[in-house]
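You will see subunit A twice below: alongside subunit B first, and alongside subunit C after that.
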Partner chain A sequence: MTHSPAAEQRVEKTVRKPAILLAVTAYFGVLLLALAALGISWYRAGLAPDQPIAFPHTIHVSKLNLPCNFCHIFVDRSRHAGAPPLEKCMSCHTAIATEREEIRKLARHYEEKRPVEWNRVYSLPEHVYFSHKRHVKAQVDCSECHGKVGAMKKVRKVGSLKMGWCVSCHRVRGASLDCATCHK
Partner chain B sequence: MVSLGNLQPLSPQFYLLLRHGLFLVLFLHLPFLGLLIGGSAVSLLLNFLGKEKRDPSYLRFSQELMGTVLMSKSALFMFGLVPPLLVWFIYARVLFDASPLPWQFWVVILAVLLSGFALLSSYRSARGRALDLSPMSAATGAAGLLAVILAVFLFSAGYGILFNPGKLPLLQKQVRFFLSWHGVVKFLLFLAFFFGMTGGAILLLCGRPAEGDEGAEAAYRELVQRFGANLAILATLVLPVFLLLDLVTLPDIALSAEVFVSSAVVVLLSLAACLTLFLSDRKGEGGPGARVAFLFVLIFLVILLRDDAAVGNAYQDQIAFLHMQAPVAELVHADEKHREKPAAADRVAGDAGKVVFEKSCAGCHRFDIRVVGPPLNEVVPKYAGDAEKLKGFIRNPVKVNPDLPSMPRLGLPEEEIDAVARYLIEKAKAGGSP
Partner chain C sequence: MMRRLKRRDFLRIMGGVSGSTLLSSCGSPKGSKTFISYVLPPEEGVIPGEATYSPSTCAECPAGCGVSVTLRYGWPVKLEGSPGHPVSDGGLCIRGQSSITRLYHPKRIASPMLRNGGGKFQGISWEKALALVSESLAASRREGRTNLFLSGRTSGSLSRLIDSFCRTREVERLPEFEVYSHSAVKEANGLLFGQREVPRYRIENADFLLTVGADILETHVSPVSYARQVSRARGEGGFLWVHAEPHLSLTGANADRRIVVSPGRETIFLLYVLRQLLEKRAGKKGLPAEVAGSLPRMSAGRASEATGIPADTLKEVCDRIAHARRPLVIAGGVSTAHPGGLGVAAAAGMIQWVTGAIPGLVDFAGRENDERVGTFRDMEDLSARLERGKVGVLFLSRTNPVFSLPGRYAFRENLGKAMLSVAIGDLFDETMREAGLILPLSHALESWGDVEPRRGVLSLVKPALEPLHDTLSEGDMLLRIMGEGSGKGTAAGYRDYLFGEWTRRFGEQGRDALLKTGFVEESLPGKRVSLDGRKAASLFKGQNATGREMAGPVLVLAPSLRTFDGRSRGLPLLSEIPDPLTTISYGSWLSVSPGTAKASGLKDREEVTVSSGDWSQRFPVKIQPGLAEGVVVACRDFVDSPPLRREERTGGAVEYIEAVGIAKSGKTAAIPILSGSPSQRGRGLVPDPSHKDEKHHHGRESLYPEHSHEKYRWAMVIDLALCNGCSACVAACYIENNVPVVGKKDHLKGREMSWLRIEPFYGETGDVEFLPMLCQQCHAAPCETVCPVYAAYHNPEGLNVQVYNRCVGTRYCSNNCPYKVRRFNWFWHRWEKPLNRMLNPELEARGPGVMEKCTFCIQRIRAAKDKAKDGSRKVRDGEVTTACAQSCPTGAITFGNLLDPESGVYRLSHSGRVYRVFEGLGTDPSVYYLSGGKGGPGRKSHG
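On to the complex of A and B.
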């Protein structure tokens, strides 16, 4: 079958060109959708969640120079670093900054004996065994995993907590690489 | 050997200046290398095609292209070799941690670049002399091309480190940590940009008419335009894919809404470039060359702005810390400087001590009344002017009065303890008020 040049031009104009345009636009549309999906999953992961009380590490760590274990008292004796009991907060805040809204919230929690439900920033899946105590004993500085918390108005997740992230550090420090060390 | 890596950023402003400077340098350096890589690669490919098909117009195109992309030796020096030296210096300060990349790393990059430039220059002059190129000369060109690509790969790996501060402590212990998937993706992204820009440059600059048969000239121009357009189209299709992979491999702390939005802008700009190429009438004068080249430069600019924002996110806490530290550090520093001159020393020590007091003590202590801790006018005189004893207590507090909460160990640096102890004794002696 042969076409005249005029017919071919018509086919080019009415069929081929729109088809290519459609294909190109669809391709870029898919890429944009993928980008949006990545963005949404990043947003929903909530790497720096809002907290019920806006506790500023900036003031307590950087301005007052409190050591981490002044509040996170279990960090060198347990798997979990632990959030401090409200008594700890109130030992200073019965007197300090009592007029601030966030401190009033804290005081209400204390009076009503209602614990503050902090939102988790770091969490590990159930099949991972992790102990703060071990890492503190091995003299891993808190900032190596948690970053410069003293500069964070709102704490954000710094390390990925993925297995490769753990293993790299274990390897460099000569710590155990045995599966059963972390997967008990 | 003096290590540039031990330098610390002086102030938040200086830090920002350096970081933006880094991206300005890259904005000049990488497109330059990109044209060199894309141009030489296409020139070598055309040389091969021309020989296979026995078509001299391919060889002529190959020659013209090489003459276009490889500029003078001074341009090679200015845009090819000086920027990595600047980046070397900027890295040392922008990355905060000491010695992030050993000097050997940069020396290797420079050496590889230099040898690549030399080989490509020799290929270019052989290419310029005759249409028919000896296999030896083509091999020289290929070796030069590989060298420059290797340099860009190493550079991209080093560039990837910028976005992942968590890796720096590991990198200091083992050099192999400079390799990362993110660095590899950055390399591929750069390559896609390089070839896209080369395509745009071919459309814009190549296919210049020469004396001769008009029909043959039109055919040559058509060949050049088709080649340039296909190369650019391919790049517009591939580049956004690498951009998405880049987002996937970027560490979470480098991400922010800005990073996602600017990525979307890059995808849309790629779409614009792609449609420009498809819709333009390639045969007519004033083809899409200028528009496409401009769009690629814009794409690269947005990619760099995006990377600048990502580095800012990754180092957000360190920068905030810099802001918080600046005033105290300056005063303590001034205190140390003036220590030899006793008269001035007391005054400045007073200032430094006051700053430390307000930073670290005033939250719990006042001189006149009890806050959390006891009033200082009551407890400081117990030390009877013995600064050493007071410094011992600040260094390692013990509970004295069971009615009060225990004072935490603050872990202040020795010079701050010294300044604040002298300030307290001085102030309490004078019966200081707040």
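On to the complex of A and C.
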């Protein structure tokens, strides 16, 4: 059997068409996968950003049993929980674990009177009003939003902070569902 | 033929698109990504995220109102009147509210500047600048020239420091320059009572007030204080306020009775009243025979003819003043700024003497501290001295004579003949542009200082932040120049100098109290004065019963509510907020009476050239109801180097230009007139006796369920009898709520963003009612039902809430709002750096495509509720108020919870005068207005 050039062309076409389709799909597939992988890794990194001083909540909360508001002094007084002033850290760390690298970093900040700039784990958009004080006073336990921080060597974002997440809890607890309570 | 997309191209484009999507999605979310641990804990009482307050004094005009600076995250974001302050007592005017924009003004002068050879300014260091000043001071003395120091009105420690600076550095301190120098009033008081002063007028003690030309609600001496006092006096009842003026001012529009007097004939009017009082022996004191004899005799008919005031009105005023127990007469403003100004002020003083209300109403002990303020004559002398080339260093501090003086003084030209002119200021103005060296001044919120506006009151100026730029306070500048001269510093800085002064005067405890409260008030014993009969008699010698007629048409240069004498022109917010009488926001205009306009065929916005001699200027026309024939009015701040004459006897400026030429230029100017109509066209926005609300929708069932309110139902009551249209509330609203300044272009398209506006409505006789219009927070709100995305909704506390991030910008709500109070963001409105520091973080700055409106300052409600919840209670009455209500100098606005029967709003909303705008539509608004005449019946304009 001999193939006519026309038939050969036809065969070539039937082979080439799926090949192109495959190539296009593969190209976008790989791109999507790469995107997803990148996205997930960024997302995960965003959930638990590195901090300028690797502060271990594990030791302070789980081992030493310090209550949250020992350091986050404004949590029941202000909308911001607040990070402790360095003076507070130094009240212990002038004597304890002074030789550790991270404590030395802390001491340097204190001596140079340079505030520590922490990376935010939880942040809210500009149009949202949120008050720690109101939630703490309503007996919402810190862990309900922040998870078991005592078990986290590096703090990781637990609650999604999406509107639905907020509202579901407000519903359960019978808290205000008025838009203006949170939207500003 | 169209080129077909090839496969490779397609892939290339798609690849590019996916890549760029990937990249663009990497951006960080909005808001700060970090937060900090302080080194030391914050001071006791400071809670992160909560506002702190610091006392200071407003420096936008010489009145010296006390302010409380709101700081958020360390930045001043708003000024509020400080309650209990002896001058302002909690109120703050439109200029004071706007003065925070001066602090953050993008064009603030950021460093000392020296004019180089090419005539351009170049930044130099403070060391070099101050060394140059010192060298020039010495060099000019060697050359036999005199060094001069000219400033705007200055009081308190700074004035004493300037004195000692001038002494040690052999500088001559010139009389201060103020456009509104009140020279006629001072001169008259000097002649009559031997007190060459502007006294403290105690309106709150009066039961009858006659103001002649004095614009006590705009610029006259202390407008916030006067507005508050008038409001108090009105509250006590039985108070009548008559205002006489040749033009129409905001003050006139608010008096119980406005009398239009022919320009320059106020003396005749007052002398007639004085004669009547004497003849009726109604006064408590008589006049010495020589004085009484010197007064011209006139019949009611002749007086009426000369002044243009109907005879029965004249009679009524005389009766009223004769029967009043504590009548007060204040002359000033344009009525004392004409060739007969001294006579007006003296006649007013004599009526006051005869009615015997000195010192209870006219208090010379608590007089204004403006004894150093000079006159136009002093400025003429200065210009002549400059021309002779005998001036070395000329300091020009916080003053703009190049703009304010008549062109024929040639101040601009002569300024160059000084060896070195040193201008001290914060924003470039006409005078600074002509200066040789510029020393940038810190804002009052960045400096230490004190102000003594009147005897017995010292008000603290306390910094709320470090200087934003490389600027110094005037005290620090002078101390540094002094320190250099003597080789040793007199004080380490102006702060130490002040602390020394305060400790010396008040002791350490007194000083600490001053730092805390922001003011010291000393009670002064009343000062008895006696009338100098001989001088008083000489005043009216030669005064005939008709006075001099001014040749018409007369151009009256009126003081400006928004910019004072023009000094606040640099603040964009003050151009954005319209003038309450005309509703013109940007640009200048010439007010023309309806009759004149009809006779000359003039229309709104039509441009005319106004000329007098070789001076001419173009103005768009605004037809002003209520203005008399033969008078045209322009605000003083629009007129550059006007051809003003000087009053011979007092040295003050004559703010009238007679026989001006008015010619059409054939053009029409684009000026934004924001009000659609000067008349309310019988719609009952402000009800008058003839209007009956049909209430045709009442009784109909609503399709929607009733709203229920459990704890709070926020409501506002606005007393129209107290509202005077001063627009302080509008400015307060802009700053509190991050409302953008959009500019003239958008105003011309009707895209202004103000959440609160003042609507003037003119009656047939030219009387004006001001209606503050803001979101009425309706309970059956037309806006809510049409929103397709539920962005406009009714909350359980009775507010119409607008959820900005849900709004998609259909604008249905705005179309359906009968009050036209919703504003749409067409663009991103940028706050040019560092104005963005002024943004209130309690509200989101709205983006494009979003509708916004008044929220009843929901952020303040939220803060008050937060505080109340801490104490497990409800918000108490008076704990929360809106920005507009806080700023109001007359206390016309009351805000609170309507469900609380003890609250102010509950009480007022159940008063007999209450009504709501467009009640017949069935919108059920939460804003209640109290109608009713200001004071008594017959609130009509006469003349």
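Methods note: the second predicted complex is superposed on the first by the 144 of 184 C-alpha atoms of A that agree within 3 Å, B and C clash if a C-alpha of one lies under 4 Å from a C-alpha of the other, contacts with A are read in each partner's own complex, and residues count from 1 in each chain.
Note that contacts are C-beta pairs under 8 Å (C-beta built on N, C-alpha and C of every residue); 3 or more make two chains touch, one makes a residue touch a chain.
Just so we're clear, the structure is a prediction, and the values are computed from it rather than from any experiment.
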What is the contact status of A:95 with respect to subunit B (first) and subunit C (second): first, second, both, or neither? first
Now for A:77: first (subunit B), second (subunit C), both, or neither, which partner does it touch? second
Quick check for you: in the superposed arrangement, does A:139 touch first (subunit B), second (subunit C), both or neither? neither
With both complexes superposed on chain A, which partner does A:24 reach: first (subunit B), second (subunit C), both or neither? both
For A:120 in the superposed arrangement: first (subunit B), second (subunit C), both or neither? second
Let me test your reading of the model: by the given contact rule, A:178 touches which partner, first (subunit B), second (subunit C), both or neither? second
Looking at A:67 after the superposition, I want to know if it touches subunit B, subunit C, both of them or none. Which is it: first, second, both, neither? first
Looking at A:41 after the superposition, I want to know if it touches subunit B, subunit C, both of them or none. Which is it: first, second, both, neither? neither
Where subunit A meets both subunit C and subunit B, residue numbers: 20, 24, 27-28, 31, 35, 38, 42
Residue set of subunit A touching subunit C in the complex reads 20, 24, 27-28, 31, 35, 38, 42, 73-74, 77-80, 82-89, 109-110, 113-120, 123-127, 129, 131, 133-134, 137, 178-180, 183-184
Within the complex, which stretch of subunit C touches subunit A? 7, 11, 14-15, 18, 22, 26, 29-42, 47-50, 793, 795-797, 799, 801, 803-806, 842-845, 858-859, 862, 866, 869-870
In the complex, subunit B residues that touch subunit A: 166-167, 169-170, 173-174, 177, 237, 240-241, 244, 247-248, 251-253, 255, 257, 260, 263-264, 267-268, 270-271, 274-275, 278-279, 317-318, 320-321, 324, 359-360, 363-364, 370-372, 405, 408-412
Given the complex, residues on subunit A that touch subunit B span 17, 20-21, 24-25, 27-28, 31-32, 34-36, 38-39, 42-43, 45, 47, 58-59, 62-67, 70, 91-92, 95-96, 144, 147-153, 156-160, 165, 168-169, 172
